[in-house]
Amino acid sequence: MSQSCTGRELLIYTIARLLNGVQHVAVGQSSPMPAAGAMLLRAMNQDAGKEDVQLSILGSVKHNSFTSGAGELFDCAAQGRLDAFFLGGGQIDGQGNVNLVGTGDYPNSPVRWPGSFGSAYLYFLVPRVILFREEHSVRSLVERVDFVSAPGASDETVYRKGGPHALLTNAALFSFDRDARRFRLESIHPGFDWRDIRTTTGFSYDNEKCETTTPLPDSKVLSTIRGRIREELHECYPQFAARMPGPD
Amino acid sequence: MTKFVTPQAMAEMIPSGCKLGLAPDDYGASPGLVRMLIDRGIRDLHVVCAPIGGMQVDMLIGAGAVSTLETSAVSLGEAGGAPCFNRAVREGAIRLLDGTCPAVFAGLTAAEKGVPFMPIRGIIGSDLLKRRDDWKVASNPFDEAEKIVVVSAIQPDISLIHAPEADRFGNVRLGRRREVMLLAHASKKTFVTVERISEVSLLEDEKLAAGILPAMYVSAVAQLENGGWPTGLYAEYPRDGGEVEKYAKAARSAEGFRAYVGGLGGAA
Amino acid sequence: MTKFVTPQAMAEMIPSGCKLGLAPDDYGASPGLVRMLIDRGIRDLHVVCAPIGGMQVDMLIGAGAVSTLETSAVSLGEAGGAPCFNRAVREGAIRLLDGTCPAVFAGLTAAEKGVPFMPIRGIIGSDLLKRRDDWKVASNPFDEAEKIVVVSAIQPDISLIHAPEADRFGNVRLGRRREVMLLAHASKKTFVTVERISEVSLLEDEKLAAGILPAMYVSAVAQLENGGWPTGLYAEYPRDGGEVEKYAKAARSAEGFRAYVGGLGGAA
Amino acid sequence: MSQSCTGRELLIYTIARLLNGVQHVAVGQSSPMPAAGAMLLRAMNQDAGKEDVQLSILGSVKHNSFTSGAGELFDCAAQGRLDAFFLGGGQIDGQGNVNLVGTGDYPNSPVRWPGSFGSAYLYFLVPRVILFREEHSVRSLVERVDFVSAPGASDETVYRKGGPHALLTNAALFSFDRDARRFRLESIHPGFDWRDIRTTTGFSYDNEKCETTTPLPDSKVLSTIRGRIREELHECYPQFAARMPGPD
C-alpha cells in the first residue's frame, strides 16, 4: 500500500476531524467527500469504542434512516436532532454568506448554478455547518457574494442556532468567528504557504501569516479510508470510489 | 374514481397553461411521460419542482414548454448543470421563482392542510426573499420580537409522478419517499405512471400501507414500463448515468437539444 | 442511541412533573407501562393526548398523577364516558386545556417542523378559543380580511407509546398510524414498549420503511408483551371490551377505582 | 324475514338518503348508525350502477383507506376531498351550535361529555355535516348550548365551506337554512306527530305543523340492511350488528 496521502484523502480526514463530537451528521446529494469524511468519523469512533455516529447520506439507501421523505431532514434539523451539515456554493464571502444561485445580476445570471437547495434554511438551524469548496480562488472566495442564498449571520430578531463552523478548500482550513463575522486561517495544506492563501483568497481574514500545516492522517486512518470507506462509498459514488487508491 | 388510461391519453389530459407539480429525478420523476408532453407540444406551464428539478424539467424548458419555474434548484446531478435551464435563465426566457427546499415543502404542506400559509425558520437575510411576493416576513404572534417567514400555499393543478406500482383500485405504492405523497396531497389532481399494475389491493398488506398513496388522490394511472428512464426509480432501478451524460452534452446547444429530443422517437 | 431497558426501568425514567405525550387507546396507548407509572407514584404530569385520551389517561387521572390535561376528548369508547376524568373535571382537580383533534395535530406539527406556531382553519366562534392562551386569532398575512387561528407548538418532554415491534437498533414499526410518528417527531424523547424485538433491521425491508420510526427519535425500548391490554393494538389485537367495561364500572367511585388498580397487581 | 322496519333501520335508511350524491363520506368512531347509513348508500349506488362512494370509517381496517394517520381525515376535509361527516353532541341548539363538552359553567361542568373531538374544525370544512342525535328532548335540543364546541354559522371573515345540513333524531328530520341560521322540520318519523316534536324540541324552528312522514325503506333496501350492511358492520361494531334483525 502506498502510504503517501492524496489531496482528497487529506480533505476526507480533515472533514472527519471537523466533525469530531457530533452525534448526527447529514450529507447532501452529490457530495462524495463530505460523505467519505462522515463515514470516516463513524469508523474512527467505532475503532476507538466511542459512541456511534448517525449518518444520513441523502441518496443512499444503506446510510440513511429517514422514513418520512425528503422533508424529514429539514424537520430533523429544526428539532435540533442534526449536529452537522455541509454547504458548498459557487461563491463564499468573508462574512460567511454563500451563493448557490449565480453570478452578476439576478435573475438573468450570466453564470447560473443549480440553486439554493436547502441552504437558506439549514444554515440557520444546523449548529456545525462546514463550508466545503475545493476550488480556492479569488473567483470562489469573494469579498461579497453576488447573490445571498444564505447569510452567514443574523441579528437577534431571527431564530438562529446554526451557521458556519469552518471553511475547507483544497488549500487551507479556516474557522469562523460568529461574533466577529470573520474567518480565521487555521491551517494550510502541504504544498501551500500563507502567501499562496492570501493571493488566492478574495476576502480578508484573521491570522493571515499562519504557519500551521493541516495534519495528515496516520497510516491506520489511511488504511481505513482505502478499505472500509472506499467500500461504503461505492453504493452512492461508484465512479468516485473507483478513482480512490485501494487497499494495496 | 381513478381512471386507467394509456400514457398517450394521459399526456393529452395535461393541458397547456396548468400549474404542474413534478417530483425529483430518481424519486418519482416521469421523464417518459414528459417526453410525450413535449411531443404533443405542451406550452405555458407553471412547473413546481418538489423540491428540485432535473433532466425532465430541463427537457421541458428546452422544449419551450415552461413559462414559470418554481424550484429550489435544477441540476443533472453527476452530469453537472442543467443546460437548457441555464440558457433560459441567461436569456430571460422563463419567469423564475427561486426557492429553498424546505420552503417548497412548507408551501405544499400548507396546501395539504388547506391553510393559506405556513411559517418557516431561516431564510431571513437571503436574497431569495426579495423576489418572492408569495413569501413575507411576519412576527411570531406569540412573541412579537421574533421575525419569521411565512410562505403561501403551493397547490399544483396537476402533479405527475412515476411510481413502481399501482393496484386496480387506483392505490399507488410510493414507499418511504413521502415527499411524493405530500405533493399528491397538495395537488388538485395527481396523474401517475407506473412500472406495473397489481390485481390485488395494495392496502390489504399492512406492511405496505404507510407507503401507499390512496386512490382518492389519484385521478389517473397509466402503465409505462421504465418510465423513470434515463433517471432512476428509488429502490427499483438506478439512473442510466451514460444516457444522462449524453443528454447533458447534446443539450449544451439548442440545436443539440432538438436533435436529442427528436432522435429519441419524438414528433419531429 | 436507543437504550434497551426493562419496563420497570422505563417507568423510572419518566419523571414526575414532565410533559408526557400519549397516543390514543388501541393505536399506540401503553396502559401496561402506565400502570407501572401509577404503581411508582408518579405525580404532577402535564399529559398531552394525541389527540384523545382513553383508559390509560383516565387511570392516570384517577391515580392523582395529572395536574394538567391537554386533550380533544377523553372517552372509554363503547364503554362510555371516562369516570375519573369526569369526576376530576367536576371537582376542579385538574387544569384542563380542552382542544380539538386537528389543533393538537397542528401543535405537534409545529413542534415537528420546529416553528413556534401553525395556522389552522375552523375554531373561530368555538368557546374552546376563550380558554386557550396558546391559541390566537390572527390575520392571514396574504389577505388581511381573513381571520385565522394560530396555535402554539406542542412539544412533549417525553412521549410514551406502545408498538408491535422494534429492532435491535432502535427502529420501531408503527405502520400506517402516522399520528404516532408525528407525536414522536414532535417530542424531545420517545419511550416505546413493544410486543417483540426483531434481530433484523426493520429498515432493510423497503416494504416496511414508510411505517418505521427511525431509532434517532427513540430514546428507549422495553419489551412488554400485551402492553396495549386491555385496550387494543392496531392490526395486532382488538381491545378486551369486557375488561374495559369492568374498569368503567369500578371507576365510577374513587374507592372502586383504587380497588381496581390495586387488584390488578399494583403496589398496594 | 320480518318486513316491519325498526326505528334504527329507518334512521339508517334516512342517513343514506341524506348522503345521496356524495362521493366521499367519513364516519367518526363509535358511530354505528352513521356507518351503517354510509354503507347502505354505497350498496344502493352499486345496485343502481351509480358511481362508487368512498367510505372512510374511522377505526375500520377494511373500510378506511387513509394511510397517513388520524390527521389525514382533517387534511382531506380541508382539501375539499370530503363531502359529508356526522356530528353528535350532548346539546344542539336552534342556531346549529353543538356542545360536546358539558353542561353548566365551564370548566367544572356538572355533566361532562368526552370533549369536542374534531368538531370545531370539520364543521367548518365539510360541506354536508349531518347532526345525528337519537335522543329528541328539550335536554338535548336546546335554545342555546351551554358551551359552543363548534358554531353553526360564521361571518364572512372566516373561511367556511361547511356546516349543518340536517338534524336527525329518533323522532324527526330537520334541514338547516344557513342564511337564516334556523332549522326547518322536514319530516316526522312514524309514531310521532308535530305536537310531539314541538313539545320535545327546546328551540324554535320553521314548518312546525309539518305533516310529512319520514319515508320508510322498501323491502329491497331492508334486505340489504339486514344482509350486507349487517355483515359489513360486524368488523367495527360486533355488538351493534348482533342486535340488528338478520336476513330471515
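To keep things simple, chains are lettered A, B, C and D as they appear, and every chain counts its residues starting from 1.
Please note the rule applied: a residue touches a chain if its C-beta (ideal position, glycine included) is under 8 Å from a C-beta of that chain, and two chains touch if they have at least 3 such contacts.
Worth saying up front: this structure is predicted, and the values here are computed from it rather than measured.
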**OP:** Look at the interfaces B-D and C-D and say which one is made up of more C-beta pairs in contact.
**Re:** C-D
Original post:
Using the average of all C-alpha atoms in each chain as its centre, how far is it in Å between chain A and chain C?
Top reply: 40
Original post:
How far is the middle of chain B from the middle of chain C, if each middle is the mean of its Cα atoms, in Å?
Top reply: 36
Original post:
Per the centroid of Cα atoms for each chain, what is the distance between chain C and chain D, given in Å?
Top reply: 28
**OP:** Mind pulling the residue numbers of chain C that touch at least two other chains?
**Re:** 109, 113-115, 120-121, 146, 148, 176, 178, 181, 206, 209-211, 235
Original post:
Which residues does chain D have that touch at least 2 chains other than itself?
Top reply: 61, 66-68, 74, 78, 125
Original post:
Are the chains arranged, by touching, as a line, ring, star, complete graph, or other?
Top reply: other
**OP:** Would you please name all pairs of chains that touch?
**Re:** A-B, A-C, B-C, B-D, C-D
**OP:** Under the touch definition given earlier, write down the residues of chain C that touch chain D in their complex.
**Re:** 24, 26-27, 51-52, 71-75, 77-78, 81-82, 85-86, 89-92, 96, 98-103, 105, 109, 120-128, 131, 145-148, 176-182, 234-235, 241
Subject >> Residues of chain C defined as touching chain A within the complex >> reply: 1, 111-115, 171, 181, 185, 203, 206, 209-217
**OP:** Could you please specify the touching residues of chain D with respect to chain C in the complex?
**Re:** 29-30, 59, 61, 66-72, 74, 78, 100-102, 106-110, 112-125, 147-151, 154, 157-159, 239
Subject >> chain D to chain B touching residues, read off their complex >> reply: 24, 51-52, 54, 61, 65-68, 74-81, 125
Original post:
Which residues of chain C touch chain B in their complex?
Top reply: 106, 109, 113-121, 134, 136, 138, 140-143, 146, 148, 150, 152, 174-176, 178, 205-211, 235
